[in-house]
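Attaching a single structure in structure tokens format; questions to follow.
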Amino acid sequence: MKSTSEENQLQVHGLEVGFKNKKKYTQILNGVSFNVNKGETLCIVGESGCGKSLTSLSIMGLLPESGEVRSGEIRFEGQELTNRSMKEMSKIRGNEISMIFQEPMTSLNPVHTVGKQIIEAIRIHRNVSKKEATERVVEMFELVGIPSPRERVHNYPHEMSGGMRQRVMIAMALACDPKLLIADEPTTALDVTIQAQILDLLNELKGDLDMSIVMITHDLGVVSEMADQVLVMYAGEVIEYTDSKSLFENPKHPYTQGLIASIPKLQGKTEELPVIKGAVPNPDEMPSGCRFSTRCAFAKQECFDQSPQEEGTEAHPVRCWMYSAEWQQMTPLKGGESNGYTTDGAVDREPIRN
Amino acid sequence: MDDRMYSKKLLTTLLLTLLIVLAACGGGGQDSESAGGEDEAEDLTNNDAEDTLVVGLDDDPPLLDPHLSTAQVESQIFKANYETLINVDENLDPIPGLAKDWDVSEDGLTYTFYLQEGVTFHDGADFNAEAVKYNFERILDEDLGSPNASDLRLIEEMSVEDEYTFVVELEETFAPFLSGLSHRAGQIVSPKAAEDEEIDLSNEPVGTGPFQFVDRTAQSHLEFERFDDYWGESPDYKYLEYHAFSNEDTRITNLVSGDLDIVNRIAHKDIEQLEENPEINMSEEDGIGFQGLMLNTDREPFDNQKVRQAMNYAVDRDAITEVVFHNGAEPAVSPFAPSSWANNPDLEVPDREVEKAQELLEESGVEDLSFTLTVSPSPAEQQLSEMLKSMLDDVGFEVEIEQVEFGAILDRMYEGDYDVARLGWSGRVDPDGNAYSWFHTDETYNFTGSSNEQLDELLVDARTTVDQNERQEMYRQAAEILWDEAPYIFLYHENDYKPMKDNVQGFNHVPDGLIRPADLTLE
Amino acid sequence: MLSFLLRRAGLMIVILFFVSIIVFSLVNVLPGDPALMILGQEATDESLEALREDMGLNDPLVMQYFAWVGDLLQGDFGQSFRDNTEVSSLLAEKIPITLQLTVMSFAIAVLIAIPAGVISATRKGTLWDSSATLFALSGVSLPPFWLGILLIFIFAVTLGWFPPSGYVPITENVAQSLWYMLLPAVALGVRLSAELTRMLRSSLLEVLGSDYIRTGYAKGLLERAVVYGHALRNSILPVITVSALQFAAFLGGTVITEEIFNIPGLGQLLVTSIQTRDFPVLQGAVMFMALAVILINFLTDVLYSILDPRIKLTGGSQ
Amino acid sequence: MEQTENLSVQTTKVQNPRLRMLKTMLERLWQNKLAVFGGVVTFLLIFTALFATWLAPHDPTEQNYSAVLQAPSSEYWFGTDNLGRDIFSRVIYGAQVSLQAGLISVGIALIIGVPIGLISGYYRGFIDEYIIMRMTDAMLSIPALVLALALAAVLGAGLTNAMIAIGLVLTPNFVRLIRGEVLAHREKEYVEAGKASGISDFSIILKHILPNTIAPIMVQATLAIAAAIIVEASLSYLGLGTQPPNPSWGSMLATGQGYLDSAPWIALFPGALIFITVISINLFGDGIRDMLDPKMK
């Protein structure tokens, strides 16, 4: 894909991740590759279950016990992360790479004050006194826009609203000046107005703190607001990867096109993307051809049998037969363009959702 | 919000305080019990191990007032801090106690006691004839309700001749009178303490004995200290403690590897083990009591004499003494131990005769031979009852065993609500104490409901006759009648075992089974 | 907060009232004449009757009940039939002994249960987990008296490391006291630890799957810090509640354990009082045990609400 | 229970949903190897108890004074006790006593507890709230063994009385359980519908509510049997249960404790049997619970 450069904060190459239970291994991520440059925001976009969260957890080294990185590289500032021990990773986590999660309501420990939880994070990585750490928390609270920060430090999570809690999470994530922030759907669980505030905050902080962001979202509105680069994932594969502008102006993959077409006129809270028919196939029942073929309006016969390769330009790769040289020779589906075929077995199953 | 924080902290503090206070109360309670220093770490006791003798008892003595006492184990304690007017020696013959000498008139009605001089009670009061009189009156006082009053009930008159001479007139001759004075009725408590409203003699005894009472931890242990103003020979060691271990195994463990110096009672199954132990000396002495089965002769089938007699032949007394008592008991056929002068040597222990027993049962014509055998739930009692069941079932009885606590057994005895009960008697120095109240018609312990005129006559005569040879003849006859009448199946006389550490010397094994701590020395 | 406390306290009193009725009626239908128990084998009929009258045994039962409860409320538990000791002082003497046994058992239980529960929850599906689960299963099924006898056989009789039974007051010799009580505490503690391990495992598994645990890892905590600093505290809350509910069963276990190891605590007092028909002591001991159980549960509720900031102490029932 | 309804909803495709449900439940039980183990051992024990007469090599009460306290041998597999009786035979007969005690006392608890729980939960009201519930609270706050001990002392020593005492002590557990189930069901549509169509309370309780409580009762009852066996052994240990010479594990243990140094087999074998029995029943009970409701695990 794209060439590596000195500017790279994070490089992910050919990442294959799956779950193992007893004898069976189910692969979820299928050769995911991308780069995040310093100071850049990369948005990973896709439906639930496409592997975006798994990608971020792989970077953090926080895969669930049954999860496993089969192959591929994750380089942070040129350092390989996949072979790091738990202990080595914990020095990076929260320090150089931080993460905020989708559910601010449950992501904080209910029995400790928020201040204590951030102080703990600071003192793992910085050799400071409790008092200094507290000062730092207050500072961070101010930074993330928590009113009367000095008092709020003593609050328990349940005494705060969702937006405030997400600000606390951000404060916690940023407390040690990370170089990379991974935000996993940070606004999904919040009200629309709060969503915007949080996104603004992130944008603002990104500039102030000179960090890179990997933002995971299913919401193209968020993408348009935040992203420098966009990675579109579908069923564990990268299907399109480009800068934000090209993506919106020139979406190539039928899936991306569908996504963009489905943006509501009035930006509202959307749980999922309802317009594209069907759902992400079950990882155990992956189509042998293009993974999107079952839902693709343009799919031809060969789409179902053979996986497409990366096509398009280096700056805007796309995984779709439409952009290959063979497209014109491929056999159209009987019965016209519309693809009425849906996968029954995959109804309401969400194998990878964090 | 701040209020809530505050109130939570307050509550936490309160709870913690409560816990600490509770803990402190608990700890405090214990502290006060063990006043006496904690310098010695090595043993159970608070006192200097070198200078302490620790006696292991089979039960915690409930009442320390000898005049109210009924439990056998209490008599052990009384040997530490009380003294009796009369004592008994190894042959159970009377020897001087607080009375250095005494005269009995020809007719056996007048007793003159010449008292030991220079004796003081632990509270400083003087011991004299007035004190003896006070004690006798106290026992006879109905308000006190002394269960030991019967020993003195025949007193018609008592007088203080001079300070150290005390005279008693009896209504009629009463042969066991002197031996009664060697027991609870002869224990002399301090009149001063008895009169003191603030002193509860049941918990803090005050006597003239070689040791004075220091402290008591209820249902655990008692502490005594050498009485420095003791009139007799001063004991060899300073501290004396009694520790109660109702569990026989614990008691033995504490003797063998723990801190007990001498133990008042052991389970017979441990006899061999203790005799083999080189660090333990075991003293063995014939007991004076009797053990067996009490038959309710008011009930079927035991209203039939032949049925009762059949039982006498159905039981295998030798097997019982061997298996349950490891030969630490003598087979019994009468209330008098083989060592007693009252024993009838003509009454031999019969072999087990199944056929004879079956014949007797057949002759009796009784068809329903089922009954309940009530025993207390100790391991040995259980073992014994199981043997009895097996033996009796063999000849045609149908025995059902029922384990009932000793207190409840007594209760049923008084109400006559039992078929057969395992109940025995620790024994008294005078044979009268083993016979009269047990087998005379309607007497206190005659729960069998049996009545035999000839026997009654003999038992009354025997207690009002002074001459021992005459009495001996009467008791021999009585024993024969008892065997024939069979209201009670005599099974065994338990021997008395006193195991002690090999550094304990001077033990005189008196058949009454009481440890006289002042005799003991520690090497 | 206050209304919660009042409500719970009111409930406690109602329950105690019922306990007192149970205890009183039990004892008053127990066979055996207390007067005879006191005076023993050598009692006379007159002295028996006098004592019965004196003890109020001839009064109607209702009167006797109110007299008893009235005394109880003044802290007067009556006197032992055996030796006239105040029951309250007997209890005061025995409670610290049982308390020591309880504390030691709980300490042992916690020392075993926390690592076992943590290991089996964090190493789910491994051999460690299976062994811990097996331990929990067998521990729960081990009657304390059987384990007690087994421990005596192995460690006292065969190896001779421990005394087979007995008790040394802690005020006399701390080390010896702990030594004597170690086997009984293990006998009781193992069962408790099995229960705790079981509960802790499932509670921990639930907590370990929660979002804030992931947050803990994300901020760079090591597993140990996450488990002990965050997961354990949260998962121990339900364990505390459940173990408080187990307290009654635990006290029952002390009775038989004290009997086996001949520890002169509350349990042995109770057994002896049943055997000797020492009713005041029996009543006192049972009342105290019930009170302890009720109080422990009450305190646990309060403690729970303090430990878990989400719970507000309101009037709501459990 | 709710989950049984869920299951039947899920299996509507099959012709006989009940059969399918049973099949899945049995499959689930079979997958739980420990539960299978527990079940097998439990049934072996029941078998042993039923056929004790044929299995025991000796008469369990036959005394042999010339073979007292013998160590395990080919003649006496588990040795002999202080009266020369064969411990192996006594242990086998002891299984009869223990299982009988467990079953009957739980039966008593069910007979008393189920109706009280049903009525109390169905009608609610003052008596339910302030008498029955507080009474169960009170009984549950007295340690079960203590209450059983006191009750057994009141009733008099003996196996029958011990079983009654244990049954009474276990009763409040069932009252609470059933009352809770009833409370959960009495508001359900089918009960409301039944009421509306004029069916008597009695038949609503009997036909609609009781069947729904059977699953949790089964689980609780199985586990209660294990508990009852322990309490019976404890009472026998203290001399209030089975009376001699009938063999009971608890009283054998009590006898054996005095001989731990010289004849440990007297105590060790019956003790081991108590343990095996209780753990098997517990495993089996846990298995049944998981089978009926996998979520409860």
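In this document, chain identifiers A, B, C and D correspond to the written order of the chains, with residue numbering beginning at 1 in each.
As a convention for this text, a residue touches a chain if its C-beta (ideal position, glycine included) is under 8 Å from a C-beta of that chain, and two chains touch if they have at least 3 such contacts.
Here the structure is a predicted model, which is why all the values come from computation and not from measurement.
Engineer: List every chain that touches both chain B and chain D.
Structural biologist: C
Engineer: If I rank B-C and A-C by number of C-beta contact pairs, which comes first?
Structural biologist: Looking at B-C and A-C side by side, B-C shows more C-beta contacts.
Engineer: Can you figure out the chain closest to the middle, judged by Cα centres?
Structural biologist: Taking the mean of C-alpha atoms per chain, the most central one is C.
Engineer: Averaging over Cα atoms per chain, report the distance between chain B and chain C in Å.
Structural biologist: Roughly 37 Å, centre to centre.
Engineer: Could you put a whole-Å number on the gap between the CA centroids of chain A and chain C?
Structural biologist: Centre separation, chain A to chain C: 53 Å.
Engineer: Using the average of all C-alpha atoms in each chain as its centre, how far is it in Å between chain A and chain B?
Structural biologist: About 89 Å, centre to centre.
Engineer: Centroid of chain A to centroid of chain D, CA atoms only: how many Å?
Structural biologist: That gives a centre separation of 54 Å.
Engineer: Residue numbers in chain A touching 2 or more other chains?
Structural biologist: Nothing qualifies.
Engineer: For chain B, jot down the residues that touch at least 2 other chains.
Structural biologist: 249, 377
Engineer: By the touch rule stated above, which residues of chain D touch at least two different other chains?
Structural biologist: Expected reply: 156, 238, 257, 261.
Engineer: Within their complex, state which residues of chain C touch chain D.
Structural biologist: Against chain D, the touching part of chain C is residues 11, 14-19, 21-23, 26-27, 29-31, 137-138, 140-143, 145-146, 149-150, 152-153, 157, 164, 202, 248-253, 255-256, 259-260, 270-271, 274, 282, 286, 289-290, 293-294, 297.
Engineer: Quick one: in the complex, what on chain B touches chain C?
Structural biologist: Residues in contact with chain C: 7-8, 11-12, 15, 23, 25-27, 29-31, 33-34, 38, 41, 44, 46, 60-63, 70-71, 142, 145, 147-148, 200, 202-203, 217-220, 245-247, 249-250, 253-254, 257-258, 377, 405-408, 410-411, 414, 444-445.
Engineer: Please output the residues of chain C touching chain B within their complex, sorted ascending.
Structural biologist: Those in contact with chain B are residues 1, 31-33, 36-37, 39-44, 46-47, 50-51, 80, 82-85, 89-90, 92-93, 95-96, 99, 163-166, 168-173, 175-176, 262, 264, 269, 272, 274-277, 299, 302-303, 306.
Engineer: If we count contacts the way the header does, which residues on chain C are in touch with chain A in the complex?
Structural biologist: 124, 210-212, 214-223, 225, 229-230, 233-234, 237, 307-310
Engineer: Touching chain C in the complex: which residues of chain D?
Structural biologist: So the residues of chain D in touch with chain C come to 34, 130, 134-135, 137-147, 149-151, 153-154, 156, 226, 230, 233-234, 237-238, 253, 256-257, 260-261, 264, 267-268, 271, 274-275, 278-279, 282-283, 297.
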